[in-house]
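To keep things simple, chains are lettered A, B, C and D as they appear, and every chain counts its residues starting from 1.
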Amino acid sequence: MPDSRTAMPAVTTIRLVYLARLREAFGRSDEDLALMVPAPNVAAVLAVLRARGGIWAEELAAGRAVRVALNHTVAQADAPLRNGDEVALLPPVTGG
Amino acid sequence: MPDSRTAMPAVTTIRLVYLARLREAFGRSDEDLALMVPAPNVAAVLAVLRARGGIWAEELAAGRAVRVALNHTVAQADAPLRNGDEVALLPPVTGG
Amino acid sequence: MPVRVQTDDFDAGREIATLRGSDARIGAVATFIGTVRDINDGTPVTSMALEHYPGMTEKALMAIVEEARGRFSIMDALVIHRVGALRPTDQIVLVAVTSAHRGDAFDACRFIMDILKTRAPFWKKEVTPAGSRWVDARVADVDAEQRWSTDA
Amino acid sequence: MPVRVQTDDFDAGREIATLRGSDARIGAVATFIGTVRDINDGTPVTSMALEHYPGMTEKALMAIVEEARGRFSIMDALVIHRVGALRPTDQIVLVAVTSAHRGDAFDACRFIMDILKTRAPFWKKEVTPAGSRWVDARVADVDAEQRWSTDA
């Protein structure tokens, strides 16, 4: 069994969900994303999406009011991710 | 025509209404009262009633939380009274 | 007539629907219903009699509604207060307020209830196992009314 | 289940009656109903589509109700929020809270609405004569939520 400290980072596959205005902006409601970084977290997902450029970089730029929900609960940037997690990007809510 | 300054004060007859606990304490729901003072006001009515002594003096003692309504609107002690006015004595209200 | 004093029960849903009508400027409806509890000040209450001062009551309630209209941006308001014999779980009072936005609707509804509690001529007499008693005015209600004068 | 997300309309009167049940400890019921206005930010609104995030919505609403229970002395609470196509005068949301006394009922009802407005995953898309648009979050709603954190 290899030493975990020197092993290649495992692939973490998460489910991305885009809501409301973001779903329309990105032209999709969801997708699977394979993260190949050690200790993946919410910030890593946002970095991967921003790196796509265009509308992704624009909508997810720092300072934009986008909230992230991890498995249906609002999460901070340092929240760690595991295989099969659902990560949703939420524009400011307007219910009620 | 006599000079009004020297005339006998006219009689002012008002209708008294007692509500809730006061109605029970006084054993009546209403009565007519003839005031024979010049420029009668709410304070004069209370003075007449207190002068009856007993439960009247007790319930209407200074500091007791009794409100007075003159013709269905809460009135202060110096509110002037006219013939036919309705003066109600209200214990603290407990509706709602 | 935005105020009613009645012995009959009321249907809150129907009253709210009537108050709203088809007014599409309304975005918020705040409602309060007061009900009879089976205990008060630690004593079981089996029933109560609600008495009022006919003639003054409607006038006092109207004045409260008008004051709410002056203070808050509201479309309409309704106050229904029951009198007569009531039992635990019975509805006592309904206050409903419509407005464009919820802040004014909530504020006006609460204002009307707070002022009604200290100014509208209603009195409760409770029947308890130890006999009947006139309900004492609550200090908390006076405090609640005070809140609106210091806020003003 | 004290929270429901549904496309169907609701009967506020019936929901309030069900929430109260026969609980004679209840002395106060505070209710809020949000309705669709025919104008928003100065533009006529002909209809709207209300979208949510299934799976998260109920969870978020339950968390808000639980937070209200922790902050206020209440008996019970109900939140119904509609989704789908809505037109002016349609009901959007119902929040009803029962309590022994009115202060807690009013506070909890308003708290739930204020927090729902900024945390529950609902989004409105309005149809106007100029086309459809996602509704912008209101600064006033953020302010209303802030009020509860500074009060705490």
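To be clear about the criterion, a contact is a pair of C-beta atoms (placed from the backbone, for glycine too) under 8 Å apart; a residue touches a chain by one contact, two chains touch by 3 or more.
For clarity, every value in this text was computed on a predicted model and none was experimentally measured.
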Set of chains adjacent to chain A and to chain D: none
Remotest chain, chain C as reference, centres from CA atoms: A
Centre distance in Å when chain B and chain D are each reduced to the mean of their C-alpha atoms: 50
Separation of chain B from chain C, taking each centre as the mean of its C-alpha atoms, in whole Å: 28
Inter-chain centre distance, chain A versus chain B - centres from mean C-alpha coordinates, in Å: 76
Gap in Å, rounded to a whole number, between the CA centres of chain D and chain C: 23
Multi-chain contact sites of chain A, meaning residues that touch two or more partners: 96
Multi-chain contact sites of chain D, meaning residues that touch two or more partners: 34, 102, 113
Interchain contacts, given as pairs of chains that touch: A-D, B-C, C-D
Touching residues (chain side chain A, partner chain D) in the complex: 17, 19-21, 65, 69, 72-74, 86, 88, 90-96
Partner chain C, residues of chain D touching it in the complex: 11-14, 16, 20, 22-39, 88-89, 100-103, 105-106, 109-110, 113, 140, 144
For the chain D and chain A complex, residues of the former touching the latter: 34, 50-53, 55-56, 59-60, 81, 92-93, 113, 116-125, 134-138, 141
